[in-house]
Structures are given as structure tokens and as C-alpha cells.
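Shared chain: chain A. Partners: chain B in the first complex, chain C in the second.
Moving on, here comes the complex of A and B:
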């Protein structure tokens, strides 16, 4: 019996460490522990376990388990802001959003520096579709807690969902400042700039994303993941730029050697699709046919293979 | 002079009733002090949101400046963020109490009048007292009862330079340096027991750092604690200049990215 407890505890701690959202498994293993009252023998680990179990139980709508966990936690830590957050999440599950928002508002009045409550409040606002209020709250939150990268990305996504692409790029620029090493944010910036019809900026940012990802690879390597998508972006921008003259809201200059760039982008994307086995043959056909007619510069591309 | 014939013979009673008690008392007092300090520590104060915002405003511009020579964001974005921050620093938007009215001279608040600052200082003083009072009592106890006692003979020879360190309280110029007086034994313990405290109480105990914090005055210790009043008006003004410098250094990574890529893939 104790061996199974040990393994259950071990895998639960593993889930916690890796932030795995395996709610059903957590609940099954956790209920075993909760019922046998093993939590009391755990020492200080018990509280982290109870929090984990509560969240998992809310996830799969076993509210009685969650209530039991929260009750134990609240008894141990009466004033804890972390338990407040848990209580709030529990309320979100069953109560109307207005009640929950009011609860959060009261908590914030008592302690205006509780970042987690802010985030819960914003998530409720987003869930109920009050994007305008959510954007306001989120900007207010980020004004204080500037270094929250995910917050900036979330703000950018909110703006994008309202077609406010210029504002979205501004929010993303803060995320870029905070995490300059993350190519996904660069890529997202580029795509948002493309949507905002700032093509010169977009092509630059696509290239920056490639530059960030491929900095340490050789020039012969096959592009993968982020860099394929970014090469596609470069290709798309080059095509748009060759078709019409584009103005840039950010006054970004057009890249030099646009023809060469177009050629290179085509070559890179085709390399990516030529490398695979036969399983993506149809996809390859489509890519080849999409790439083909763009070649208006006259110089036939030398296809790799 | 230090031939075996004139050597001292120590009463074993001194070992049992002086040497060991002093050591034991010092260890126990160290452990006790650790727990008293734990009791005295007040939970960290919660800052209001405005105060956090004020503290972190500087970080914003530091983040912007950190990458300015190789910035990931395009020039127009950089300039708008930079100028907005500079304007906000100038106007004092981030100050806890809002922008200052008129041109009142910005004097740093007197820490004695600010209750929050007083709390921080009092906490520092309390721990200092817990550090100092027991040490003074023990030293008084040793001086009163065991003044001039020779407690132990070190098993290795030492040069004359150690005489003042090892024979404090005994004014005999001719005695061998290897004999240790009671007061010197106290100091040896005081500085030497840190390792033992670490073994008993763990690494971040408050007994071990007694000998280090003894040197600092309570007021100096209070000064570098977080939550002390800092003159943010001045800090913001300085940060504004830094921003201007950083803008001079600014260059965008995207400026010649196409050349880099084309060159890497052999197109140029």
C-alpha cells in the first residue's frame, strides 16, 4: 500500500514540477491520497499537493473534492492570497461571472498588489467577452507589472482579435524587449505587422526570426518549424512587394536585393519540402505549384533536386 | 624559557569547569539567538500597487536600454517607447504620490517621520540587539569570573605575533604564546563557531552571521534594507539622461538582416 502511495506521490510531484495539466490522473491519484488521509503525513508538501488536486478537480468538475481541498487549505492559511485565488477559481466554475468579478474586486481593494488576482479578473473578462474592459485592465496591470511577457502577448492577441494590428505590434514590441531571444515572438510580430499591412516591417521581422533561429546552423541545413514559416512569410512579402508599392506606417525602408531575397526564400522553402520522404508528396506538389508562378523576375529558379 | 621544566601545569578542574562551560554556553546562546531572531522577524510588508509601480518604473527603462545597441524592435517603436518613458520620468507620472505640483524643491523625506521607514529601522535594530546583548553578557561573565585564567595549551607552536590574540587579559610578556587565556578563548569561539552553527541550524541561520553583523552599526544595517525611502525624483531624472544616451547607441538588428541572410546562404 505504501509503495503505491509512494509512486502516486512521485508522479504528482512530477506533474507539479513540469506544470503538466493531467487533471484526470491527478484526480485519481490524489483522491486515493486524500481519502487515506495521507496528506497529514506529507509535511509541507501536502499543501502544494492539495492546491494541485483542487485545480485538477475543478478542471474535471468534481467540485466536492475541490471544496474539501480548499477547506483544508483555508484552515491552514487563513489570510493567504494564494488560497484566495483558488477560491476565486472555484467560484468561476459555478457562479455567475458578475459575482466572481465582485469577489476579485473586493480582494484587490484589500491588497492592490496581488498580481494573480489581476490575471484571474482579466481572464474572466475575456471569457465573458468584455474585450474592451479586459484590454483596459490588462494595460493597467502591465503598467505596474511590466516584466510579464505572457501578459504582453495576451494583450497583443486581444488587440489582434479586434483587428487592432498596430496596437498589437506595439504590445508585442514590449514582449520582444523582455524576451529578445524568443523567435516565436519575433515571428508573431512579423505576422501581425503583415496583417497591419506594414509589409516592409513584416519582411524585416520575418528575416529577424530566421536570423534568431538559424544563427548557429550551417547554411546547408534544412529549415524546420519557425524558420519554414518565416521563410514562407518572406516569400509572401516579396510577392506582395513585387506586385504593388507598399507604404510603411513605421517608415521601415525596403530591404535591399529584393529579387535575390525572393529567390532565396523560394529555395529555402523548397529545400524544406524536398528533404522529407514520400509521405508528404501531395503537400510538396501544392507548394511547388504555389511557388512556381511567383517567378516573374525572369530568372528561372534552380530547384534543389 | 619555554623548557618543560618551567612549563605550567593546568588544573583539570579548569578544563571541566571553565573551558567546556564557556564553549557550551556560547553554542547554546548562538542557537537560542537563531530562534529569537526568527520570532522577531516580521512578515514582509505588502506594498501598495502605486509603490510597486514606482519601484519597477526604472526596470522598464533598464530593459529598454539593455538591448539598445542591438535592439530587437524597429526604430519607430524604440523611439516611441523611449520618448514616452522619458516624458513620464520628466513629469513624474510613475511617482507614488502622482506628479509633483509646482516646483517644490524635492527633499528626501526624513526617515524618522515616515512610519514605514521607522518600522524597517526598528526591525534592523531589534536583530542587532539580539546579536549584541548576549555577547556583551557572556563577555562580562567571563571577565568577572575567569579573568586571567589560562585555559588551554595549543598543540602547535606559534610566533610572538599571536600573543595579543591568544593571551588577551594576561599581561605576562614571557609566557609561551601557545597558552590561551579565557577572554581569547571567547573570541576564538565567537569567530570560530560559524561552521558548527551551519551544521546544526542549516545554511541560512541567523546565529552564524552574528560576527559579521556585529561590525555594522544598526543604522547602517537599516540603510540598505528594501523599503527605505529612496529619492525617486532624482533617480528618474538620472534615468532620463541614461535613456538619451541609450538612444544615441541604438541600432536595430533588422537594419542589415537581409545582407546577413543572403551572405550566409551564398547569394551575395
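Moving on, here comes the complex of A and C:
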């Protein structure tokens, strides 16, 4: 085997190991191997390579290459669920969605334990705007594959996109049970609770998000990323709570010392700005004036009726 | 009916925002003023690309964008949105709410949805939505004379006809959209200048 084959094989294995979606590069290197029929000399690695090349080829619309890879894989592994998924992805590229959905439905009827087929089917439903069906399918999928955190988050996002914020928080609570340490899920839960007009629950979760991130940093450090966003959220919740009485569907109690919390949120957000460069001075002034006492122009959006 | 003109700065910002996140829904607000029967849309402020269906950061972003508009002696005059899917040109439920909110402060408010079919062309890739009275639901604006929006005879026009072609060229040749940031980006890194985006604008545009 020549040196260029060796290096091509090495990079391709590297892309696989790191899940790099470098489709153009994979195609260029992979075609070299495919044309010279090197695949037959690769041993068991050959099949992973053919799958990789097929996906890359679909990505950049070189369907003839993809078809050749799938043909070789199907010949080696007839009725393999993994090859079925690949065949489905290939169909999605050029076939009408109804045809692909029918293909997936038949596969699921034969074997309902193929998680990848479920996910493909759900993604086609979302992509074609069939949100209600996607919600049904995804719920059905999560009945079987409960521990799929990203599945619960996706379900929450589908609910949110249709203004079903209470259902969205329920879906997110499963994600939080499965991955309690992930601050992004906590933050998303807080923002969803706010959108569902459960402000006491929102403020509690914003604070939990800050706690999850800051567990390993000192109290005096400058807030970044998730914590800035969460402190902004706390500030907004305090403001809403001071303006009107808020009920809580989850019966979450209000935080004690609301005024102190409000002051702390203001201080934390402003600290983040003081640490920034000087080139954003106008933006900073604006935030300072927004943070000031009750000069809010009242742009509360009533997302829930 | 009033007329609407979209200026270069506003168009470029909407375009860059959509181009930076081709696989996500993005949204933002339009800044402008009404001058003798014409709404001049001169600037835009990009808001979200992350959780576009959730309200808290949208509320804060709207507040700040409104204050920013005041400091420029402008008003919030509309809303824009690009969809996740190329063929989806509907105004999302959140879009209707934000646009209605803007309308409370500016009666002639308009909403634009990016037209995925036209985004790579020399035509204005914006579909105007207007609130229908009395139900206040937002519908794509149909011109009485059946002229398509942004063609001659339409209520909608660009301040210069070559803006869409320029926007495409700036994204294709200079990738200016990579330097563009919205309120979501700003919340991750507060030094990102989401209100002006000077770093992403070509040097001949003053703001």
C-alpha cells in the first residue's frame, strides 16, 4: 500500500474517532481509496470507512459515490439495521418525504427497537413541518428510550415552538433528572418556566443554573456565559415580581429577601460589564440605565394567555 | 397605506444574521422613523438564535433595543425573522407576539420573514407581514395592484436596488457574517457589540 493511501487512511480514521464532519475532505481522500479498490484490503475497517464515505458523499451531493458505498455495505450485511439507516439518509436526500416516512414506518413495524430509525423519522417530520406528528412519535420513542436526554430536550423545544410551555417544562424535568449537572438544561428550564408565566419557578431555576456553574469558582469572580444570562434572568424575574402578583402553577414559594436578590443580580450583571473592554461603552451605559430602578418601559410579552 | 423603505444598514444586518445561522431560526427588530407617509427602516438590532420560542431574553433584548433606538432618535418600527427551514415563510407565533408588541408603540409596524428562495439572488429576500384589523393576526401583505413587494408600484422598496446583490457578495467574498453578533452572543460574551455590529459592517457604512 502506497504512502498516500496510508496517510489518507490515517486522516479518515482520525475524522471517525473525533466525529469530524469534514465531508469535502472525506470525499476527496475516500474516493481515492474507493477507486483503487483498496477497501477490500482494509479488513474490518473497510465497513466503517464505507459508511463514513457514504455519509460524506450525501452531504456534498455526490450520490453516485454514496450509492456505490451503500451497495457494497448491503451486499456484506443484508438486513443490517445500520445499513437501513444509511439507506434512509440516502433516500432523504432525493426522495419525497412521504416515501422516506413510509420506508421508516415499515422498518419500525418490523423492529421497533431501532432508535436511529425513530430519530430519522422524527427529524423528517420536523423538517416537513409536521410538528404534531413529531411530538407523538417522539413521545412514543421516549417511552422506550427514556434515558435519551437530547430526546427530552428536543420534545421540550417542539412544545415551546407551539406555545405549550407547561408541557415543555415537564419534558425538561425529565432531562434534568437524567443530567442534573448540565447548566444549559437548568437554564433552558428557567427560561421555559418564565415563558409559562411561572415566575417563582423561573427565579428558582435561574439561581440553580448559577449554582451549577459557580460551584467550582469563587463568589467574587466575574460572571461569564451561562451565569450572565442567568443573572439577567434573576433580575428580570425580580422586576416582574415587584410589579405584579405572580401565581405559580408549580406552587413554588417566592424567594425570601427579594430586594436583596434584586440588588445582587444588578451587581453581578454590572460586574460582568465592568470587566469588558472600553469599546462597548455605549452598550454598557444602556444596560446600566436598564438595571436602574423601575424605568422599565413595560415590554412584558404575554406569551401565555 | 404608508410606504416602507429598507435601507442598506438594516438589510445587511438582517441578511448577515440569517447567513450566520442558516440552520436556525433567528430574529430581531427594525429601527426607523416615519417621515411624511413613509416608514424609513434604517437599522436593525439582532436578538436571538438560540431559544427563539422562549420569552425572558427576548423581553430584555427588546427593552435594550428600544432604549438604543431612542438614543439614535429612532423608534422600533418592526420585527424580522428567518426560519429554520428554507421553504418555511410563515411568521412564527413568537413573531406575531413581538410584532404586535412593537405595534403598540408604533402603529405602522411591519414584520419581515426572510424568503429562503430568494436569499441568494439579486432580489430583496423579504416577505412583508402586516397586522390585519381587527383580529390583529399578521398576514403576508398583498398589494392591491397585485405588484409583488419590492417591485415597482409596491408600497415596499429598498433605498437602493443593488443592496441584495451587495449583501450576497459581502457574505460570499468576505464572510462578514462571521463577525456579526446578536443578543444571544452578547449574553455569552458581553464585549460583543450586538447593538451596532460595527465590526461586521463594510467600511463605507457609517453608524
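What we mean here is this: the second predicted complex is superposed on the first by the 289 of 305 C-alpha atoms of A that agree within 3 Å, B and C clash if a C-alpha of one lies under 4 Å from a C-alpha of the other, contacts with A are read in each partner's own complex, and residues count from 1 in each chain.
The rule is simple: a contact is a pair of C-beta atoms (placed from the backbone, for glycine too) under 8 Å apart; a residue touches a chain by one contact, two chains touch by 3 or more.
Because the structure is a prediction, the values reported are computed rather than measured.
J.: Let me test your reading of the model: by the given contact rule, A:160 touches which partner, first (chain B), second (chain C), both or neither?
T.: Only chain C is touched by A:160; chain B is not.
J.: After the superposition on A, what does A:147 contact: first (chain B), second (chain C), both or neither?
T.: Only chain B is touched by A:147; chain C is not.
J.: Using the touch definition from the top, say if A:208 reaches chain B (first), chain C (second), both or neither.
T.: After superposing on A, A:208 lies in contact with chain B but is clear of chain C.
J.: Contact-wise, after the overlay, does A:6 reach chain B, chain C, both or neither (first, second, both, neither)?
T.: neither
J.: Quick one: is A:96 in contact with chain B, with chain C, with both, or with neither? Answer first, second, both or neither.
T.: Neither partner.
J.: Looking at A:283, would you say it contacts chain B, chain C, both, or neither? Reply first, second, both or neither.
T.: Only chain C; A:283 stays clear of chain B.
J.: Of the residues on chain A, which ones does chain B touch that chain C also touches?
T.: Shared contact residues on chain A: none.
J.: Which positions of chain A touch chain C when the two form their complex?
T.: That would be residues 127, 129, 157, 160-163, 188, 190-192, 194-195, 202, 224-225, 228-229, 232-233, 236-237, 272-273, 276-277, 279-280, 282-283, 286-287, 289-290, 296-297, 299-303 of chain A.
J.: Given the complex with chain A, which residues does chain B contribute to the contact?
T.: Per the touch definition, chain B meets chain A at residues 46-53, 56, 59-60, 63-64, 67, 71-77, 80-81, 253-254, 257-262, 264-268.
J.: What residues on chain C touch chain A, complex-wise?
T.: The touching residues are 51, 53-60, 62-64, 66-68, 71, 85, 88, 92-94, 97-98, 101, 186-196.
J.: Applying the document's contact rule, which stretches of chain A touch chain B when the two form their complex?
T.: 111-113, 143-147, 169-170, 173-174, 176-178, 180, 186, 201, 204-205, 207-208, 210-211, 214, 219, 250-252, 255-257, 260-261, 263-264, 267-268
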